[in-house]
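All chains are identified by letter, namely A, B, C and D, in their written order; residue positions are counted from 1 within each chain.
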Amino acid sequence: MTTGTPAAEADAHRDTIERLREQVCALHAELPRWNLVTWTSGNVSARVPGADLMVIKPSGVSYDDLRPEHMVVCDLDGRVVEGRHKPSSDTAAHAHVYRLRADVGGVAHTHSPYATAWAARGEAIPCAITAMADEFGGDIPVGPFALIGDDAIGRGIVDTLEGHRSPAVIMRGHGVFTIGADPAAAVKAAVMCEDVARTVHIARQAGPVPRLPQEHIDALHERYRNAYGQ
Amino acid sequence: MTTGTPAAEADAHRDTIERLREQVCALHAELPRWNLVTWTSGNVSARVPGADLMVIKPSGVSYDDLRPEHMVVCDLDGRVVEGRHKPSSDTAAHAHVYRLRADVGGVAHTHSPYATAWAARGEAIPCAITAMADEFGGDIPVGPFALIGDDAIGRGIVDTLEGHRSPAVIMRGHGVFTIGADPAAAVKAAVMCEDVARTVHIARQAGPVPRLPQEHIDALHERYRNAYGQ
Amino acid sequence: MTTGTPAAEADAHRDTIERLREQVCALHAELPRWNLVTWTSGNVSARVPGADLMVIKPSGVSYDDLRPEHMVVCDLDGRVVEGRHKPSSDTAAHAHVYRLRADVGGVAHTHSPYATAWAARGEAIPCAITAMADEFGGDIPVGPFALIGDDAIGRGIVDTLEGHRSPAVIMRGHGVFTIGADPAAAVKAAVMCEDVARTVHIARQAGPVPRLPQEHIDALHERYRNAYGQ
Amino acid sequence: MTTGTPAAEADAHRDTIERLREQVCALHAELPRWNLVTWTSGNVSARVPGADLMVIKPSGVSYDDLRPEHMVVCDLDGRVVEGRHKPSSDTAAHAHVYRLRADVGGVAHTHSPYATAWAARGEAIPCAITAMADEFGGDIPVGPFALIGDDAIGRGIVDTLEGHRSPAVIMRGHGVFTIGADPAAAVKAAVMCEDVARTVHIARQAGPVPRLPQEHIDALHERYRNAYGQ
């Protein structure tokens, strides 16, 4: 799809990369705002459209201190192309998703507490409320336990989301990964995932919670995708 | 009650509409402040007194970005009369309430987590604490599941609130709708609904929670309506 | 103890009253800060030392809008002595406490959610953690259900706290009242009451929670009263 | 290791002490920010490297009012060397840890609600999620109940952490103590301890939560210590 070295690609997409550094940095502020992250956990990335590159958070940097120039440019094997910082320790997982899913332009990852509680039990979140049908189009599925550091997490994300409408997967014993056409959509899915994980958890504490009928889920999701927003 | 086209009506109520745009926009800030909404969910509207018009939030706009000029003026069939934005996807439900309930001047809608948890189970919130007797005058009832987009939700709201003192209804599998004499009262009811939904939920986690005796509920509600506030 | 009309008493304590208006107003900011109140619920008062007077929040005024000049001066029968606003609807309860407890200089009232959940079940909070032994010196007791408006709540507070070290009482089906030597101490007790109500609730969700041995409670409370702080 | 009186030692480490006053004061802001403390509870200290001294929070001072000059310099028997304020009532526990653990440069203490709920039951937090394996390398252990005021708490901390990778211990019926190579690491451990205490608590409310296999815990912890951050 592209040619030349990753560094040459980065030069050829200079303006886009600078814009994505700003956007990815700004989107990170949504994670503490919606109480999805603790200390330095969590990360967001964006694909550089038209290049085999991505822009991602540096590892272990405080959310207060994040600046656009700290964002790291990596190729889609997770190798650093530009940046004075080490990239997120989850870079390999993000990169794998971009390599296998050409439709994905953004990825987000959190250990948000309610969603991670479902992950700790390894239980999918049943689609029990209309907000969940809207955004996720069904249950939020559980992916396998996988160790960090190689393609295992990325493969688990891609394999699990295959055949689901949900842009979110809860990885067993770990936390949440979300995908989107762009990084804002991935962050929105992470925010909504925690919201519905919390509401359905609270609901079930007091009694059985029925799944919505599939035909209603289908109708809600279809409408939300086509009629909601500006 | 009024004459002429909706656009002529809007012109005839220009000052009121501008004031309501300001007020409805400002009231939306209460929804994230009290943790009732996530991302762009939730909405508030106001009837334009003396006209068959309402002022409502645009669809899918961030709470940070909402400005009075973004508020959309619709007629009471939910059709846009003034505004560069699409109105809330819940506009038809708001409009239906205004058409059938002449006493209602404001409507609010949220997916606030504790109230929506009761909605997911389809369970009314029993009137177990004095704050609930004050504001709701009894249980908060459950309305039917209804799909978004036509009068079904609005009918469910109006039918369910018929015969209850409560200005709040929790719609099965969906969330909360509240009504008031003006939009501030509807927003207050949405805030209080989540507060009591949470407290009664927490209470029941640890044992049985008795409903207050009806005579006490009646006395508290009567006093609150007549003696509370300035 | 004092002579003359309440208005003359207020004149004779002008400087103290102005100082207490400032202090009581400022202390109200602690209630939303620590998530103890919703909308306009909750209130704080201070005795005017040496006079049969108290300074209390006006009824139903937004926390954002509270200013020292809004605070209402009442006599200890709850009648307004100075103020353009109606006093809190809980004024009679505060006044009763000041009349019967000469050692009390401040009273606070909230519907804070975890403490009110214990109140909804009518269950005392067992002294299970050292922070609770420190501040409360034992269990936080439950007072009777009482309707607002006359001395019934005040009597329930005074009768229940008799024979307990706790400066907090959870009134059945209602919420929390706390007392202190001054209004800051009463507010602190309200903040700590919600904190321990939450922690002990969470603890019990997952299994039995032993009460601390009485000798340890005694030792902790004694030390806290004498050795903590500046 | 050092010679002379504590006051002479303090003079010999003047610049370090001033820097630590600033740092310890600033780190205290993290405790309310992450909802770990209520009113004036909680405290952080730092060892003065190369001296038998520590810098610690004053007792019972509001987080809003804390300034670097309020921090108290104590020797490692907990006696005040410099400072106009009384030191934290937990000073003896901090001092004991510094005396027995030469590798510890910072200590933090909170009554954070979810971790203290585990403490109230006297139950260790099982290592069920990768974030916990990363930071704690296994379960967070429970230490004995001990009264404040002498070495008992300090001994309980040191004895319990012996043989665990965890920098956090939950003291039965009390709360959390954490250690670190420096005070920032101790504060980070306190923040993460509450985060995992909450997530594992929520997870267990809805069903059994498996511990991660030991080999995965080992691999995650090893990687986190060596590969995470800048």
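Remarks
Quick note on the criterion: contacts are C-beta pairs under 8 Å (C-beta built on N, C-alpha and C of every residue); 3 or more make two chains touch, one makes a residue touch a chain.
As the structure is a prediction and not an experimental result, all values here were calculated from the model.
To fit its Cα atoms onto chain C, chain B must turn through 90 degrees, a value rounded to the nearest 5. Comparing the contact residues of chain A and chain D by number shows a mostly separate set, under half of all numbers used being common to the two copies.
Computed from the mean C-alpha positions, the centre of chain A lies at a distance of 33 Å from the centre of chain B. Centre to centre, using the average C-alpha position, chain B and chain D are separated by 46 Å. Within chain A, residues 205 each touch two or more of the remaining chains. Of all possible chain pairings, those that touch are A-B, A-D, B-C, C-D. On chain C, the positions that touch chain D within their shared complex are 34, 128-131, 188, 191-192, 195, 198-200, 202-203, 205-210, 212, 216, 219-220, 223, 227-230. On chain A, the positions that touch chain D within their shared complex are 38-41, 58-61, 85-86, 89, 111, 113-114, 116-123, 145, 147-149, 173-175, 201, 204-205.
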